[in-house]
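Read through the structures below before going on.
Okay, so chain A shows up in both of these, paired with chain B first and chain C after.
After this line comes the complex of A and B, so read on.
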């Protein structure tokens, strides 16, 4: 079967190469048969990569350790769900997944665009297949997922314990989907440029892909941050790590692109800027994929210096140089169709928002690559930390939020001063009221950026909901429909607009969560013995008793913490630390159960008000002499006896626990981050939803009925 | 044949003046945008160079650490680290090499911290020892895409 899988991979490589040739020939000769051949090659590449992925997935599910990548990333003790998703925790599997997703999105895009953009589509197909070719070549020559182990080991290494979290299992494929979807607008921008078809049509074709990529990248980042908050023991959700920034940068340019296409389509503005943003998003998506594999930058993620660095750098440099030269060569075609009349208009503010978003992206890019820049300038590697990032990103984020709210209220071209004042009066009043009310609360003025962000977010929420309320009211007056029906109809008639407003509301809610949790979080590291207590952010934390469990997978040592406020019981938190056995038996037959990988299981009480978060660092050093002694005594004992000894040690810890170090966090409104994220994603779904799809789905049974009749058993 | 102007001379003059105004406006906007971009880049460059902490390996720090100055120490945790209350005492060695230095650290210890793992920690040299900045210890997540073993 593996021979077949390898053959499929090689065939995908050859087919992609053929597809590039056929599409380029079609673009030059304008012969449909070559264009069709290029498209078919793309569909075949997608089919071959899906087959390969399915075969690798089946090897993971079956724990086929003769496949090297399965042996390195799965084991029979890994739970089935994590075994099935361990495929993308490997370099080889993740590259295959990337290439497969790209081929699938490309297939969809090319199918939709072939008739609408007959001249640009062959060039876009060639571009998409070139990117696919590169990734398939990486899989064939540098990171082949179908390498055999002979003899096959009886057991695999298993999935890294830290990754055993549901959010972490969906986070990589979502990010990859976002990255790969962002390649579609890039390819069509390149295609439109080469074919000199730089009118609005290409943006109509790619709009949903751009929005889809934006949504998936956003969802991936949200799940990553959730995993970090609920699984990792450091008590944060964002660290400005290069790998996090790698996903944020294309997300920012994709946000700018989605807005600039509105201006391009409606007002004929920002033609070159829109093309540039599509290209920048594509290049940043490739850069993001490269960053996590290069070892170029120091990251908490150990994506070490693999051999993929050189081909990736060469490919990204080629893409960047070729795209820039292409844009320069097409300067004449990129002249805007209209000029901006007034900055104080919807289009003027959308331009300002675009500039702010790109500015944000440049700040993140600079900070992320600063180690490389500083090494080139001074000869020594230096890095900037979160305070540096926050110095720039916080004011820029406040400005983006405020301007996006303002833009949604303004009229196109240029409104009258009276009309503008009338529309912004209520949201402005709401923002001022919220800011003043919050400023009156004790301690809130200690974080002016948070306060400013609360005001800006209130402005956006009131502005966006106000627009919807006004539209519903107008419809009700005209049609006398009930409010829910009128609301549905209003949204249905202009999904893009109201979906967009919902996205604005979601992002505002998310930023309220970020501002509150980062500005007013209370963190305390305390060392507590059983029965002792500490005070954190108005809560009394008491260490009631120790816990210890032994399972097939790990040893878990923890604590039961009682949380009270003003004498009333609030909740009970149970943070634990899981110790996975060391696979190296030389570490000692008993000690190895405690000195393998260890992970925190957080004690969390989530709520819309504030999260109570606790992690424990048990002190297992008092057990050390007992472990060393047991290592000698039970060196040749059976696994069952060894397990009994470990259980005895766990019981001993439970009975006489030494003081443990706890990190306790009270984070206000932190859940709003994910709540806002869900609202924004829902808005994105509304905006992306194809018109008539619901009706089509409703009509589907009627359409299928004639076909189903054929299969009805004949009655005598 | 004599050309008859489409509009009276005064109207033509007004149109020309408006075009000149628009051209001037565009130029002003361009200059403002470029100036803002230059200011942003200059601010980024200045603040990043002044706020950055240098990444150093143990051997580099042993050779030339200036007391009181902050460095990002990067290297591998040496076996035999210990805890004394909330104080973590460990040694960090070069990624490729044996030179190592002791670090005394207080604060949050990441889950993946253990001997043999790559860490980054902000340190200052104080009386011959290196003191880690609170909560600055970062352990590389051993998740995936590990560096290939040297041939």
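After this line comes the complex of A and C, so read on.
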């Protein structure tokens, strides 16, 4: 199996190389046979990588420890679900996944674009295959997933405990899909530049890939944030960690790109800016992939230090320099056809929003890389954490939200003062009313940025829904349709516009959740013995009893907390701390069950109002004399006996628990973050939905008939 | 009269003794570990202290913060103490002097340049077009 898999990987490398050559030859000679060869090479690379991925996945599922990467990241005690996802917890598996997804999205893009952009598509194919070639080369030469372990160990190291969560199934594939889809607009921008076809046609081809990449990156970040909030013991959902920023940066430029294409397609504005954004998004996607695995920046998400840093830096530098030189060489082709006449117009405000989004991205980029820059310049690594990022991103986010709401209300070109005032009056009134009403509530004015964001979000929500309401009302007057039908028809006739409004509403709701939870959360660390209680944010938390469980995977010690408010029972929280066995047996046959890696399982009561969150840090010091004694007594005991001893210690903890430290958080409107994100994604789906898809699906059987006739048995 | 003064002196002395014997935690804590840890780093882990749940260094920093918070120190004073103990790298935002000032100045300069570029470009185009219009009508 390994030999076959390695052969497929090597063949993918050679085929990608051939595909680059064939596509470039097609582009220069304009011969369709070379272009077809290049495309077929791309399809072949996709097929080979899918085969390799399937083979590696099967090795993980079967716990085939003769494969080195399986032995390092899985074990027989890892549940099957997590064994299947362990493939992308490894450097090697994740690179293979990345390359496979790139090849698949590239296949789709090239198939759709070949007839529409005959001159640019071969260059785009060459670019896509070059990126795929790089990643496959990384797999072949630096991080081969099919390395043999001989002899194969009887047991593997197991999956990192922090990664044992259902979100692990979706979070990395979504992010990687987002990254790889972002390479498609990049490749077609490069292709359009080289082929000197920088009119709007290439943007029509890549629009859905850009929007798809934006959606998947957003969904990946949302899922990661939710995972962090509901599972990890630090009580937050966004830490401005370098790896989080690595996904945020291309998402910001992709947002700017999606808006920029509207201006380019409708008004012929921002031609160079649009090309630049597509290239920037692609480069940032590569940079994000690099950050996770280079070890350059410290992150809790990163794979850790590796030898991939140098080839990645070289490749990204090459891409950046080549793209910049290409844009400079095509300055004449990038001259704008039309000019912006007034900032106080929909065009002007969309441009302003673009500038704000790019500014936000540059701020995040600077803050993310400053530790490396400061080390290079001064010799010591400065730290840049949440306080620095929030100082810039909060006011910029408020500005982005406000300007996006305003832009959706403004007329194209320059509107009249009276017309402008009429359209913004109601949303402005809503924003002022919301801000004033909230300011009257106790404590709200303690966080002015949150209050400002509430007002801006209210403006956007009223502005966007107002546009939809007006459109439905107009249609109902004209057609006498009922409201649900009129609403459906209005959206169907302009999915892009109304999908966009829904995205705006979703992002506004999400930011309301962020503003409320970060501005007004109550956090308290308390040390409680059994039977004791504490007050947090208006709730009374009482420690009822301790809990302890032992499974094949871990020991879990926890507590049952009763939560009441004004004498009424609200909920029961059961936070636990899981202790995974230390694989180093010299740590003590019994102690090793308590001194390996540990993770928190949160006690959480989510609600639309506020989330109640609790984590526990049990005090196991009183058990240590018993553990040390047991280590000596049961040094050569069988695993079953050792398990009984551990069960005894767990029962002892349950029976006589020492006081434990609890972190309790009351965070308002956290659930609005996830709801807002879902609404935004739904808006993206509407915007991306191809018109006539249902009709196409109905016509499909007829289109397949000529192919199916070949398999009909001959009649005598 | 002398007896009265003796009585007053006794009461004052008792009051002073009681005040001195009062526990340190009679003060009202002005901050907490959770409030401070978002703004400082775990030096060994290289991540914000709030993210470093298991590291021994993180435990030491948290213990110091908890002790100082219980003694009613303000957040700023606690951060100064952490800097005295571990150096400026313990802060989650670089100091505003020396090379650290560039963390603050470069983004401000960049944003100002972007905004100025936008306004200037729009203004310059309008002036050019207005000039061209006047020339063509002249």
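Criterion: the second predicted complex is superposed on the first by the 696 of 716 C-alpha atoms of A that agree within 3 Å, B and C clash if a C-alpha of one lies under 4 Å from a C-alpha of the other, contacts with A are read in each partner's own complex, and residues count from 1 in each chain.
Quick note on the criterion: a contact is a pair of C-beta atoms (placed from the backbone, for glycine too) under 8 Å apart; a residue touches a chain by one contact, two chains touch by 3 or more.
Computed from a prediction, not measured in an experiment: that's the story for all the values here.
Enquirer: After the match on chain A, would you call chain B and chain C a fit or a clash?
Expert: clash
Enquirer: So in the superposed three-chain picture, is A:621 touching just chain B, just chain C, both, or none of them (first/second/both/neither)?
Expert: After superposing on A, A:621 lies in contact with chain B but is clear of chain C.
Enquirer: Which chain, chain B or chain C, is in touch with more residues of chain A?
Expert: B
Enquirer: Contacts for A:524 in the overlay, against chain B (first) and chain C (second): which applies, first, second, both or neither?
Expert: second
Enquirer: In the overlaid three-chain picture, which partner chain does A:292 touch, first (chain B) or second (chain C), both, or neither?
Expert: Touch status of A:292: first partner only.
Enquirer: Touch check for A:386: first (chain B), second (chain C), both, or neither?
Expert: Only chain C; A:386 stays clear of chain B.
Enquirer: Looking at A:352 after the superposition, I want to know if it touches chain B, chain C, both of them or none. Which is it: first, second, both, neither?
Expert: second
Enquirer: For A:227 in the superposed arrangement: first (chain B), second (chain C), both or neither?
Expert: neither
Enquirer: One more residue to check, A:342. First (chain B), second (chain C), both or neither?
Expert: Touch partner of A:342: chain C, not chain B.
Enquirer: So, A:163: does it touch chain B (first), chain C (second), both, or neither?
Expert: A:163 sits against chain B, while chain C stays out of touch.
Enquirer: Residue by residue on chain A, keep only those touching chain B in one complex and chain C in the other, then list them.
Expert: Comparing the two interfaces on chain A, one with chain B and one with chain C, the shared residues are 232-235, 298-300, 339, 355, 359, 362-363, 366-367, 370, 374, 377-378, 380-385, 387-388, 391-392, 525, 597-598, 600, 663.
Enquirer: Quick one: in the complex, what on chain A touches chain B?
Expert: Listed in rising order, the residues are 73, 89-91, 94, 160, 162-163, 232-235, 292-293, 295, 298-307, 339, 355, 359, 362-363, 366-367, 370-371, 373-374, 377-378, 380-385, 387-388, 391-392, 525, 527, 595, 597-600, 617, 619, 621, 661, 663.
Enquirer: Would you pull the chain A residues touching chain C in the complex into a rising list?
Expert: Interface residues on the chain A side: 232-236, 239, 241, 298-300, 339-343, 348, 351-352, 355, 358-359, 362-363, 366-367, 370, 374, 377-378, 380-388, 391-392, 396, 523-525, 597-598, 600, 663.
Enquirer: Could you please specify the touching residues of chain C with respect to chain A in the complex?
Expert: Interface residues on the chain C side: 32-35, 38-41, 45-48, 50-51, 53-54, 66, 88-94, 98-100, 103, 106-107, 110-111, 114-115, 118-119, 121-122, 125-126, 129.
Enquirer: Contact residues on chain B for chain A in the complex?
Expert: Per the touch definition, chain B meets chain A at residues 22, 26, 33, 40, 44, 47-49, 51-55, 72, 74, 82-83, 85-86, 107-112, 114, 118, 120, 138-148.
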